[in-house]
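Chain lettering (A, B, C, D, E, F, G, H, I, J, K, L, M and N) follows the sequence in which the chains are written, and residue indices restart at 1 in each chain.
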Amino acid sequence: MESLAIIGMVSIITAGLTIAVGCIGPALGEGRAVAQALSAIAQQPDEAATITRTLFVGLAMIESTAIYCFVVSMILIFANPFWDHVVAAAGG
Amino acid sequence: MESLAIIGMVSIITAGLTIAVGCIGPALGEGRAVAQALSAIAQQPDEAATITRTLFVGLAMIESTAIYCFVVSMILIFANPFWDHVVAAAGG
Amino acid sequence: MESLAIIGMVSIITAGLTIAVGCIGPALGEGRAVAQALSAIAQQPDEAATITRTLFVGLAMIESTAIYCFVVSMILIFANPFWDHVVAAAGG
Amino acid sequence: MESLAIIGMVSIITAGLTIAVGCIGPALGEGRAVAQALSAIAQQPDEAATITRTLFVGLAMIESTAIYCFVVSMILIFANPFWDHVVAAAGG
Amino acid sequence: MESLAIIGMVSIITAGLTIAVGCIGPALGEGRAVAQALSAIAQQPDEAATITRTLFVGLAMIESTAIYCFVVSMILIFANPFWDHVVAAAGG
Amino acid sequence: MESLAIIGMVSIITAGLTIAVGCIGPALGEGRAVAQALSAIAQQPDEAATITRTLFVGLAMIESTAIYCFVVSMILIFANPFWDHVVAAAGG
Amino acid sequence: MESLAIIGMVSIITAGLTIAVGCIGPALGEGRAVAQALSAIAQQPDEAATITRTLFVGLAMIESTAIYCFVVSMILIFANPFWDHVVAAAGG
Amino acid sequence: MESLAIIGMVSIITAGLTIAVGCIGPALGEGRAVAQALSAIAQQPDEAATITRTLFVGLAMIESTAIYCFVVSMILIFANPFWDHVVAAAGG
Amino acid sequence: MESLAIIGMVSIITAGLTIAVGCIGPALGEGRAVAQALSAIAQQPDEAATITRTLFVGLAMIESTAIYCFVVSMILIFANPFWDHVVAAAGG
Amino acid sequence: MESLAIIGMVSIITAGLTIAVGCIGPALGEGRAVAQALSAIAQQPDEAATITRTLFVGLAMIESTAIYCFVVSMILIFANPFWDHVVAAAGG
Amino acid sequence: MESLAIIGMVSIITAGLTIAVGCIGPALGEGRAVAQALSAIAQQPDEAATITRTLFVGLAMIESTAIYCFVVSMILIFANPFWDHVVAAAGG
Amino acid sequence: MESLAIIGMVSIITAGLTIAVGCIGPALGEGRAVAQALSAIAQQPDEAATITRTLFVGLAMIESTAIYCFVVSMILIFANPFWDHVVAAAGG
Amino acid sequence: MESLAIIGMVSIITAGLTIAVGCIGPALGEGRAVAQALSAIAQQPDEAATITRTLFVGLAMIESTAIYCFVVSMILIFANPFWDHVVAAAGG
Amino acid sequence: MESLAIIGMVSIITAGLTIAVGCIGPALGEGRAVAQALSAIAQQPDEAATITRTLFVGLAMIESTAIYCFVVSMILIFANPFWDHVVAAAGG
């Protein structure tokens, strides 16, 4: 049953670290973009609509990198092919 | 019972580290966005409503990355499929 | 009794590190927001009410990430399902 | 008696590191807020009362994260459930 | 079955770390580009169309580095030639 | 006598590191606050009294985080419950 | 079969790390270049064509370093001479 | 005599590291405060007395954190209760 | 066959790390140069030809350091004298 | 004679590291203070006497932290109570 | 044959790391120099010849440090006296 | 003779690291002071004498921390009491 | 023959790291000096001769530290007294 | 002959690291001083003689810290008292 424990252990660690480390970049990047958007609105209120629209497209793009990490993290917890294989092997 | 201890150990460590590391980015990003919002309000008080609204949408977006980490952390503590499996295996 | 010691050990370490590491980001982020709020009040005293209100909402949002960490830390000390399981197993 | 030594050892280390690491962020954040408050008073002496009041609310909020760490540190030294359990087990 | 466990273990760790580490750069780079775009629109609203177009081409270019990482991560989970080989060897 | 050595060893290391690491933040934060106070006095000599008073309250607040660390450090050296327990156990 | 496992293991780790680490630099560099391009267009709209052309040449040059890493990563996964040799040796 | 060597060893290491690490923060903080004081005197020579007085109070406050570290370092070398105990135990 | 595995292992790791680490510097340096070139063109459009020419010479110079790394990486994978020697020794 | 070697070894390492690490902070802090003093003299030559006097008091204060480290380092080499004890024990 | 493997292993690792680490500095330094050259040409087009000439001399000087690293790297791969000695010893 | 080797080994390592690490701070600090001195002379040529004199006193103060490290390093190589003791013990 | 392998191994590693690490500082320092020289020429073209001359003296001084590292690296590869001794001992 | 190998090994490593690490600080410090000197000459050409003279004295002072490291490095390679002792002991 040792393989089972090893695969389970690294799946847990990796799932956590992936989303934890992967959130640092997007959070900082989004913070910067939002901050600049607010500054731009204050400077040019008439362009608020264009600025907000561009901001949301940009945020979606940045958020996508966080979502890649979340997807990999969820796959490792709930749809992990390596775990399925060792469970099947252990149960077979 | 060794597998049980290993899986439990890494679940605890990972749950804690995930939320701890995953909070650094959002907290800094939100701090930056809030700081800039206050500066923008001081500069253009008439646009306070637009600025506040954009700020809250942005904060929700940034907070979402922290919530991903919190969700993974809670799953690892209270709904951990790897732990359930080894407990079942140990009890079976 | 070895599993008991391992689970207890990592619970203590993780509880401490989670709150310690998890406080760095919020503290710095809040410091930045408060500093900018004071600067904004000095620049636009007439908007002090709006600025203070926005500041408090923002601080609550940032503080929430610290509270996530505190919650996880308290769960690991006082309501740890892994510890409960190994204690029950050791006592059973 | 080995479990006792391990639990005691990690309790001491964690108690110290929690408060030590957990103080870096709040101290820097408060330093920044105080510095900006002094700058704001110098710039707008008439608003000194509003600035000071906002500063103290903000400092209390930042200090709260340091207090979370202090609380966890004290719990680990004087009200540690894991230590109580292993002492009871060793003495039982 | 030891080779199987080793290959599985490093595949999981690497898949997670690749996407986690690989997202930091693109997220920060995109955050910077979006922030500057908003600032440019506020400064020169008449050029919003040119700016937005150039921004999207640039974001696609930056995103491509994140996608390289995502591709490698997915290959390591779902189309890993090393894993296929050791599974075949173990099953043969 | 091995438990005794381990508990003593980590108490010494932790006591030292706690105060050493815990002093970095407060010292830098206080340095920043003092520096800004001097700059504010030079800029607005008439407000020297208000500035100095606010500075001292702020310094006391920042110093408090250093004092938390000093308290934990002294407890670990002179009133360590874990050490008392293992000494009593060794002498019993 | 131990050589096989070692070679496979390091191939996976290296393939992932190469593309992950190798993307940080290009992503940040491209982000900087794009950001400056947008700023330049806002400042001198009449030169948008020249600026965009120079930008794309520069981005291609920066992207090339990311592609070097992607190439090495793909070689290590799909055309690894060391792996081929140990597989042949193990099968021979 | 092994306990004696371990306790002595960590006392020496901790005494040195405590004062070494604990001096970095105060030295940098004091450097910043002194630098700003000189700048303030150059800017507002008439307030030199107030500035110098505030500087010295601030330096004393910052120096206090260095002195905490020096005190702990001296206690560990010359009045170490853990060392006294193991020496007494070894001699008893 | 152990020498073979060791040499193969370090060749793979080194080939990957060399190109990954070696790309960080050139990518950042080129990003800076391109960004400044765009800024210079916007500032002095009449000198676009001279600026572009100097930029390309500079980029080639910076790229050369990335190419050194790529060359070493390729040598380690496809023309590695140490690997050739141990393969010959193992086959001899 | 093993205790003797361990105590001697850590005394040497700690003596060196204490003064090496402990010099970084003071050297940087003094560099900053001296640099600012020169700038202040250039800006306000008439106050050169006051500036120089304040500078020397400040430098003495910063140097004091370096001297704490030098004192501890010398104690560990030439008046080390732990070494004296193990030498006496070994010779007794 | 163990010496052979060790010498080969460290030769490969060192050759790769030497050029990888050694390229970071020159690439960043050249990037800075080129960027400033472009800015200088934009500011003073009449001096383009002098600026370009000085730039190329400077680039050659900076490149020389990268070439030192490349030379050492090539020596370690193709003219390594330590490898030659152990090969001769193994073959003798 | 093992004690002899250990003491010799750590003396060499510590002597080298002490001077190497201890030179970073002074070199950077002196570089900053010299740079500012040149800037001050350019700004206020009439005060060149005062500036140069203050600079040299400051440089001497900063250099003193480098000299502390050099002294400790020389003591560890040529007048090491721990080495003398183990040599005497080995020869006795 | 083990001593031979150890001495050879550390000679290779140290030779490579010495030149690799030792090039970072000079390359960055020279990059800064060259960049500032170009900026100075653009600002004061009439002083180009003096600036270039001072630049070259400065570059030679900075390069000298890189050359110290290159010399040590070459000594370790081609004139290593420790290697000569163990080769002589092994051959004797 | 093991002591001989250990002493030789650490002498080589330390000699290389001492000069490599010890060159970073001086190179950066000198780069800063030279850069500022060029800027000062461009700003105040009439004071070029004074500036150059002060620069050279400063460079000599900064270079001195690099020379301390070079001296220690050479002593460790060619006049190492620890090596001489173990060689004599091994030959005796």
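As a convention for this text, a contact is a pair of C-beta atoms (placed from the backbone, for glycine too) under 8 Å apart; a residue touches a chain by one contact, two chains touch by 3 or more.
The structure presented is a predicted model; accordingly, all values stated were derived computationally and were not measured.
Listed by label, the chains that touch subunit A and also subunit K number zero.
Counting steps between touching chains, the shortest path from subunit B to subunit G takes 3.
The rotation relating subunit H to subunit I, fitted on Cα atoms, amounts to 155°, rounded to the nearest 5. Note: centroid distance subunit K to subunit M, computed from Cα atoms, is 11 Å.
Taking each chain's centre as the mean of its C-alpha atoms, subunit I lies 30 Å from subunit N.
Subunit A and subunit N have CA centres that are 46 Å apart. Touching of two or more other chains is recorded for residues 2, 11, 13, 15, 17, 19-21, 24-26, 28-33, 35-37, 39, 41, 43, 55, 59, 66, 69, 73 of subunit A.
The touch graph of the protein chains shown is a ring with every node of degree two.
The cyclic arrangement of chains, read from subunit A in the direction of subunit B, is A, B, C, D, F, H, J, L, N, M, K, I, G, E. Touching subunit K in their complex are the following residues of subunit M: 1-2, 4-5, 8-9, 11-13, 15-17, 19-21, 23-39, 41-43, 45, 48, 52, 55-56, 59, 63, 66, 69-70, 73, 77-78, 83, 87. Within the complex formed with subunit L, the subunit N residues making contact are 2-3, 6-7, 10-11, 13-15, 17-22, 24-26, 28-33, 35-37, 39-41, 43-44, 46-47, 50-51, 54-55, 57-59, 61-62, 64-66, 68-69, 72-73, 75-76, 80-82, 85-86, 89.
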